[in-house]
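Provided herewith is a single structure, encoded as structure tokens, for subsequent inquiry.
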């Protein structure tokens, strides 16, 4: 029971991340009709927004220590962060401690900018092109983005700390009257809540704003919206930027769980496509549902009890579920007819 | 209908094991009912198409004409009732099976193969007619199909597309695409040709040319069902007419009978002067 | 980053007639590789000898590969008598004079393994067939090492393995043309188990999380074998998919299993993620069976451990070498590497540097580059001064035997490089095993 | 007929270029057996992939599975039967065909991206299993390799081979034997010419298929599958056949990989490998005959050669420049070559698809149009529909 409960939590947490990535991907699919293989790279870019902010906060000037020596026996160079000098050590420590949540702000700005530039500079010209061309150009872009990050940050994963206040694990068991061993990292709980908030915000935005209504109409029938004479181009740009921002903040907040490296995007690329397709092309709700479903199933499949019966189930569960769902439900969980079927 | 053609058609049919239905009736639509989300698109539709005739189905917008056609070619499955073609129940068969039985369809919005040339567009249905629904022949030479090619050219010439054999279908004007559609149907020598508004969107002189062409085919004895809006076309071509309104057949008869039918006038009131 | 630019500039200065060498290398038929009468493949013509450095330059191990390449370039400098000579000065064998090898200037070509067997073999083949490389070295995973070793055997050149920790490299997959300086899981188990027993007691229940592929299984087996000999109990050994990313579903069952030690048989990114996440789950703050819960990472890599950040503090593991060692050889190497690149070398860099020196020395002592002769002079070779104390290149399996370092994540790091502190140096005698233990057959040398 | 004369000319030209590759590629330093073999093998793979993707438009993201199964089958043939490559490549082609039938039969129930994800899922499952629980068959991470004949019948087949046919013929083995084709060693240039001949054969078959009635049906499926159904064609068996044929090409390519380099690893089946062949095909020109081979060559060249241009080589290259400028140039280029070769690959993808929709073959077509005054209407028109109309277009222009 306790074990199951924890696995559900794990699944929700994973599912949150999957859903956030898939959400932006399906938004771009549905409205712009573009297969964006660079979406994983946007997630990775977001993660490196967090890394960058931490780097900015710890940008230092160097003083030579009188007493200490470095590894070669030369006088040690001591780094003093600029923010410590400017704001005093109290503020500096606070900023450094909260650099990951604060990086959301940076991610929104940077990813919004990246999204607009990408859409205006590149994606725009590919709306009418065959999917094969879209795949090639966005895949090329994904490689270039990854290589740029690698050039500046190297290939190794770079750890990020969650704020001190949520560093440990919460005794979730006590809240629900379960055993003492039911503990769960605070940051993962934060991430789950965060993903719900972002998903909720995106849905609210699409549901309750005129802009959102047009976008949803566009997902239903692109041609009609085009005929309405609304400035569809500008809206497409905004949609793409929105997708980039969602992927970006999802990546930034994920860093304490998963130290990011330049290849992070490629790792999530295939998975996010599977999630989107299982959810059904053109369906936002489907993407979210599939994200959580696959997350939870993956967690269950990893349990020792399950693995003792089906040894490698956790290796293939995602794909197995995808196959079963696509063969029983022709258009995934909530997909509509005619989207990306030819 | 010339006896020679008739005889030929008959032997072909017997070769394929066709069973002859009621004498003279090629297509029998039997009590077909179809509704979409509670909306009755077709109710109790009964219709007989006779051998060799040109049968027009007319009716106001939303009368269910296209639904009826889609039921005939297997795109839609009726909720009730059946479509029988030449002794074969079409209901439940897939589109390619129905075509192989000898029913060809000409689409309203041109459904050509845009990336193929005009000639290839016509040769593909010709191959299907000759080789059946599937033949594994990866080493046959398409360019070596001289007989088929000549026939395709002939058909294309008959619809007036002789100048653009090797042009891509996608580069054709809408009118030329409609003609191409027609050629794709004709080359199969179907026992039954279903034409969905063959002249919709055509300029007047194109329409007349098409009427002339269809008249010429009529002399060849091919059975045709035409769905049409343009009364000029209908009265020029049809032997018999069925009028569909609100998903029901409200009248059936020769052009003369239909012209004078009060219910038809009522159905068309305000839409078009008959 | 500044150190990269720095590096680039330095590498640029060091140029060789590599392109020329490549162009001059005539096409070979693999079966009849030599027409020049030397009797072995790629026998150096002219006054240079070309070595092939095959390291991961893309993918998860790219930084490790870059560090290996730095070490190789340093080694080539020292062999050619440039720089401060590094460990050449402390090496017990004095055959090398700093004037190249056998009077020929050392040159090199590089290739990207991508940490994939296919890519690694392709790039090794390029260096052998196109660039005339006489020896291939490098790599940072066992799968790649074994694949390239097999290729070098077929092609008839010597393979000096880089970072490869699986038993199989010099066990059931050993080849006459292949040599390994790095240690293996068997030695890790033998060295680590007694230290763990001393630190945590003999009454412990271990829970293994193991990367689900050959190296992981090999590691799990060795640790289990040696800890159980000392009285530990293995609660469970769970396989995790390679590159799982999120290990939470594997970590939560640990909480409830009654185990009080978690052994992470992961390397690279898997290690970074599983360790980070295990610590987040509060495992190290727990008390089980009245004892503090402990985490062990049997194979540590300082370079990779940086990715785990704070999480590695106090974690036990083993390593082939660490820059903080105080012996003469290590100091010389750190000094020379640190001066050139501005940061200390990794264990991967150390093993690669050593391998090049060992190869060159063997050639010098054998008086030829011919694999069969050169290999024989490495077999049973005893040496010292390369940072690991006295070392034996065992003839039976071409595996180096040396002291093993048991390390712990530094509690109070003095610098960002100061991640590991050496807890114990397990003597060579304690980690030696019979060559038959791991099976396999060297077979005959192949000269091409 | 004129068109068939053109076909023969293309075939002869193609064969001549492939057979002369060792000479033609010398100026760019690509004239060594391994790269030549890889170009031929991946060219074959891409040609086969193009029969599915280029003709029908169905984008499979799991074709690496067939390369993988082909490699494993061939390895087992070496281990159990004989080091002769002939049975090995027959097995790999046949078994890959069977697997392709099974996967195709299921996956082709869906179209578009749903089909792509189904094929991806099957391949990824095979990859994950081959890497872990199927290790007794695949030797997991290390990869399946040939071994010396085992002396002890209890020894695992992974560690010792039996090679019954070779043993029956009393073939002497010293150490681990290499692959051969009736005594001809399959490494080096012999291996390349063996692959080259099979590539030419594969090209010929692909050409026949493309210009056959069957090929015309596949093109019609790509163009308008729905319409084809209404003209009486059952598209499903056509699609399955195309899938199986392309799967057999992939299996054959997998077999050839082990023939020239006897090892089979699971990573050959990873999605990146499936993606690679997609990229090769698009890069060269989807639906063209020559394009996929060109794309394969370019990507393999980048992987093998561009990655090897380290700082030393760059410095030599720019050695004619003054010191400061040379360092600067070397610095800039090191972003794109050596360890930065991925960057070059990524930029190449982007540039080609942005400026040459339709791939490299489209580029050649445009060049040829530049030189020949565009006099007939057809060239003008075909320029507006990029995806089908390259120089050696698959659409036979029945020129009368």
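Lettered A, B, C and D in written order, each chain numbered from 1.
In the analysis below, a residue touches a chain if its C-beta (ideal position, glycine included) is under 8 Å from a C-beta of that chain, and two chains touch if they have at least 3 such contacts.
In this text the structure is predicted, and so the values were computed from the model without any measurement.
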Any chain in contact with chain C as well as chain D: A
Chain B and chain C, separation of their C-alpha mean positions in angstrom: 75
Centroid distance [mean C-alpha coordinates] between chain C and chain A, Å: 35
Centre distance in Å when chain A and chain B are each reduced to the mean of their C-alpha atoms: 53
Centroid spacing, where centroids are CA-atom means, of chain A and chain D in whole angstrom: 34
Per-residue multi-chain contacts in chain B, two or more chains: none
Multi-chain contact residues (two or more partners), chain C: 58, 62, 66, 212, 239, 241
Overlap residues in chain D, where contacts from two or more other chains coincide: 128, 131-133, 342, 387
All chain pairs that touch each other: A-C, A-D, B-D, C-D
Interface residues, chain D side, partner chain A - complex: 53, 57, 59, 106, 109-114, 117-118, 120-122, 124-125, 128-129, 131-133, 225, 271-272, 275, 278-279, 282-283, 286, 335, 340, 342-343, 345-350, 352-354, 357, 387
In the complex with chain C, residue positions of chain D that touch it: 22, 29, 31-35, 38, 128, 131-133, 135, 139-143, 145, 148, 159, 174-176, 178, 185, 187-191, 257, 261, 263, 265, 267-268, 303-305, 307-308, 310-317, 319, 326-327, 330-331, 334, 338-339, 341-342
Of all residues in chain A, those that touch chain C in their complex: 2-3, 6-7, 9-11, 13-14, 17, 68, 70-72, 76, 150-152, 154-162, 168-169, 179, 181-185, 187-188, 256-259, 261, 263, 267, 298-299, 302-304, 307, 312, 314-315
Chain D contact footprint on chain C (complex, rising order): 5, 8-9, 11-20, 22-23, 27-31, 57-58, 62, 65-66, 108-112, 116-119, 121-123, 125-127, 129-131, 141-143, 146-147, 150-151, 153-154, 166, 168, 172-173, 176, 212-215, 239, 241-242, 439-441, 443-444, 446
Chain D - residues contacting chain B, complex: 1, 3-4, 208-209, 211-217, 219-220, 222-224, 226-235, 237-238, 241, 245, 377-378, 381-382, 384-385, 387-388, 395-399
